[in-house]
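Next up: the structures, one after another.
Two complexes, one shared chain (chain A), two partners (chain B, chain C).
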Partner chain A sequence: MPILRILLLRLLTTIVTLAGVAVIVFVVIRIVPGNPIAMMLPPGATEEDIARLTALYGLDKSIPEQFAIWVAGVLQGDFGTSITTRQPVLDLVLGRLPATLELSIMALVMAMILGGAAALTGTRFRGGRTEGAIDVANGMALSVPDFLWGLILILLFGVLMPVFHISGRVTPSLDLPFATNFYLFESLIRLRFDLWADIVAHMFMPALALAIPLAAIIGQLLKQSLKETMNLDYVTLARTKGYGETRVILREALRNAALPTLTLVGVQFTFLIGGTVIIERLFSYEGLGNMAIDAVINRDLPLIQGIVLLFAAIFTAVNLIVDLLYAVLNPRLRHA
Partner chain B sequence: MSALVIRDLSVRLKKGPPLLRRVPLDLAAGEVRGLVGESGAGKSMIGKAVLGILPPSVEITGGEILLEGTDLLRLPPKERRRRIGATCALIPQDPLTALNPSHRIGPQITDRLVDILGWTRPAADARARELLAEVQIADPDRVLRSYPHELSGGMRQRILIASAFAAEPRLIVADEPTTALDVTVQKQILRLIAGMQARHGTAILFVTHDLGVVSKVCQRLSVLYSGMVVEDSTVADFFAAPRHPYSAALLAATPKYTDPAAGLNPVPDAVIDAVRAEVAAFDRGAPHG
Partner chain C sequence: MLDGRSQVRRRAGLRLWLSAGWLGALALAALLAPWIAPKDPLAQDLFLGRLPPVWMAGSEPGYWLGTDSLGRDVLSRILHGARVALLVALVAGTITCLIGATLGLLAGFLRGWVDMVISRLIDIWMAFPPVLFSILLIAVLGPGLMSIIIAIVVIDWTRFARVVRAEAMAQGAMDYVASARVAGRGRLGTMVREVLPNVLPTIVVLLTLEMGIAVIVEAILSFVNLSISTDDPTWGGMISEGRTSIHQAWWVLVFPLVTLFLTVLSFSQLGEGLKDRFDPVLR
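This part shows the complex of A and B:
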């Protein structure tokens, strides 16, 4: 059972990775300057008040002691209490996670569609002006970072031609019947296409801003490997069978050419999730990233720890999914 | 009627030197013709031109390729492709790279039947089974479900041969089909192609650099040098008395496995010079491309 073995091995390395991340984050945010307690109290609070509150949050203990207490809690599913909101970190973080997941996955799908279309069109009309135009567009998409694309999109489709919403996740006045925070997904399941359209109109630009650089990477790499694949013997043999260019590309070349791209998409997708931090801020999108920035500004130590740990867990999960997909797409790996 | 007639086929590198020089070729229905010559003589180029798979860096500058009387070069691209798919097939050189690694064997045999010729899937599957039996593959059901990497080189070449014969083509281009194989497998594959050819009555353009192969499977042969046909004979006449000095030298250069002491007889420089002069004279006298 190779898949099972991969899974078990991955589970082990994941635990080690997460433990490492936990230690680093825990120590770093306690070493950097900035006192969370001082930020909570009104100006003019006495030394005694500060000391009392510090003790209440356990921040008077040594870092190893604090870490031990925190880990003991985490192992029981208690990630502590947010200093700023006084709500359990786990509830806060899991409440925001769906928003970020939906945004990242939407961006990934957009990037695959845009990049895939660019690569296929470029391969179909390779050596001509169309391919040149695609290369130029790819280069431009790649050399501008996602947050700048966000600003450009806001100017274009939020200000000059206001077709999309530039802020938030959903229009606040709407009455939401949702049981979960997966708004996009749940609105579809409940067949509330009115809500779905509103959510997409909010999500479209941040997702596109995240998608554009990744689309360029996918487009370039996939086109490169498609063109190489098109010269292989089995593609030539398929041509002699009577298949036209487009069918040869889709039927013979695409699947084999997609494999190297897939690995890269996995790595790049984790970068994209990292990119949500700034993009969510830019579009006031109520996701994890936006929450992370607030947590850092407020020195909300337990919340920062929870968010970072969750991000780390997402990254390892993405890598695992890519590996499994790779095994599914490449028959030569299935029995290896 | 001839399965294939080629008249004055000229091919060159785009803005470069000629690769084929007004090649004539005639292949009767059910006949096997060998195309021999050294590397770069243009023997594979002829097969590629017929099948419409010339590399993009190469262009046809003149001539006709008549497939059962129809000039392929005058057909619109789509119709040419369909006609080639319906009446011709390729047995490729390297069985290790000629099968798609991510498709199962079954569809790679039946795809042309279903997608191009409009067979039903069950009919095509039955045909695939029949073909695998014909190329002496013992366990057709398992093989049809296998991926290429699960099979040996010889097995894959049998599959490619089965696939080539699937649609009962009039013409098969066999492009050095045994070169990439192990010597012990070469003989079996050669015998298999010859047997299939006899049963199906398919005309074959057999590209090879091995005159021994030609003597076993071909009725006629064309000898090429630098894209020019220097000799066109029946196999019997050629082996009895080659007409052109270059082909005579080529025949003399064939190593004799039965007589290792004889050593190697490379084509003499004088013969090369003479045939080069002939090519140069041809280029001066017949401007083309």
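This part shows the complex of A and C:
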């Protein structure tokens, strides 16, 4: 199938998924017990005020009409106003997005490095004690969720050996010259390595907690496909040419074994982003997830709605990117 | 080869017994908590705040694992917290299992339009990220144990439905099902009497894993204060309190954390161990 057709098909399913999410969010928010307008007004508001706001938000119209108004608003970037902070939801959400994106991407990179290292070491020393130890570590990493890894890391590197910061995104007393909220990225561009180091010291543990379960999955799958590849003829041929085992794994086997892992990483990456919600809370990291929990505690429905829609958009975008990457990298699809 | 296999089985057996042992002991402790807990889990005594565990200097006898900042006994709170954790695991796990497995069995065995409807439903459900689903549900339902259980059931039934459907489909194609039908048994009768017993091992494995998930979900929600009220002892609530006083009183965090860790690990190891035991390839 030519790449263009895959692309169009995927774009179509992406739109369908997002529409489905929008419908679910709309329905769930509407079945909330209690009048949403009453929740937006200060106590002591008159019947007249309620009627006026109800008309303003179109809540006196039929449900399909309400949905149309709501969708039109969302498409124009109008996500409503947060009940607790009285600020536009879009501004709040976009302000926090960079923090969560940086954390997720750092965790993904860590997971790939850790998982890749585990798989390569396990393959290099396969059949021996090293492989057994790696399998046991993988099993442990898989059966314990990121929330618990976060707590264990806090104890180990926050209390017993305090090398990293256990809360926040950056030391509050530091002067930040940043124009965007992409602190990690911007500190690098501005060559402010002092700030960069401080930000990394804050991000390290939450990112690692998110990375550990994914690293285990990558390690297991990549090792399995590496071992299968190592028995193929072309690898044997490379060996007969006199290449060393390490070189054969890195130069010959890895390239062919990496593809199935890549697909899996895409799916698992969305789970990792979902994990940021609780991990950000645990490390008091000022990202979207932390804001989501506050919104749920305060029952700030417009804000919850905005966060859920943004998360859904990120998830679908990640899936789309992975599918496209797969199409580009897979030789069977590329040459078809 | 034979030797290697028996070694694998022995190690798997040990894993199975260790995790079953921990969970059994925990269940017993949870049941007997009102009688075996050394103190009242809610009793505060500000003069006895942040007492260390008994083996450390400055401890008081009777407070085995120390106290939190309000002077509440950590061990008693862990024991009472186990009641909440295991209750959620049992109730949420069982309901999720009943709904998911029934739908999966119906879809996989009856096929046709039933399968079409249920499979579509599973697809739609799985496309919606669980974290978003739970944020929405808890926001709408409000905090509390009931909301946690409902959220787990609503989100996780697909785990059972998907696997049981595939299994029931595979069983349905086998000869024994055809002969039961020839012998005059009705469709639903065949499904319940013939197919279900063969799918049961898979269901038991899934249920064990689901209980572990339920325990961690309850812990996370009580950690962020969306479970039962903060006074009532929950592991997540204790961990949340311990997190804030980690530099002054590590024991408030460490003991509930270790308990939660071992429980979650045991559920998953028990599930994996049972899977290996039921798996005909290894057996």
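Following the convention adopted for this analysis, the second predicted complex is superposed on the first by the 291 of 336 C-alpha atoms of A that agree within 3 Å, B and C clash if a C-alpha of one lies under 4 Å from a C-alpha of the other, contacts with A are read in each partner's own complex, and residues count from 1 in each chain.
Following the convention adopted for this analysis, contacts are C-beta pairs under 8 Å (C-beta built on N, C-alpha and C of every residue); 3 or more make two chains touch, one makes a residue touch a chain.
From a predicted model like this one, the values you see are computed outputs, not experimental measurements.
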- Once chain A from each complex is brought into register, does chain C clash with chain B or fit beside it? fit
- For the combined three-chain view, what is the angle at the C-alpha centre of chain A formed with the C-alpha centres of chain B and chain C, to the nearest 10°? 90
- Item | First, second, both or neither for A:A312, with chain B first and chain C second | second
- Look at A:S143 in the shared chain and tell me whether it touches chain B only, chain C only, both, or neither; answer first, second, both or neither. second
- Task: Examine A:T236 and indicate which partner it touches, taking first as chain B and second as chain C; both and neither are also allowed.
- Result: first
- Once the structures are superposed on A, label A:L108 by its partner contacts, choosing first (chain B), second (chain C), both or neither. neither
- Query: Which of the two, chain B or chain C, is in touch with more residues of chain A?
  - Reply: C
- Item | Touching partner for A:V93 - first (chain B), second (chain C), both, neither | neither
- Task: Please work out whether A:G127 is in contact with chain B alone, chain C alone, both, or neither, and reply first, second, both or neither.
- Result: first
- Of all C-alpha distances between chain B and chain C after superposition, which is the least, in Å? 11
- Message: Using the touch definition from the top, list the residues of chain B that touch chain A in their complex.
- Response: 51-53, 56, 78, 81-82, 84-86, 88-90, 92-94, 97-102, 111-112, 115-116, 147, 149, 160
- Message: Residue numbers of chain A touching chain B in their complex, please.
- Response: 127, 232-234, 236-244, 247, 252, 255-256, 329-332
- Along chain C, where are the residues that touch chain A in the complex? 124, 127-132, 135-140, 142-143, 216, 219-220, 223-226, 239, 243, 246-247, 250, 253-254, 257, 260-261, 264-265, 268-269, 272
- Message: Touching residues of chain A toward chain C in the complex: what are they?
- Response: 17, 20-21, 24-25, 28-29, 31-33, 139-140, 142-145, 147-148, 151-152, 154-155, 158-159, 166, 270, 274-275, 277-278, 281-282, 292-293, 295-297, 299, 301, 304, 307-308, 311-312, 315
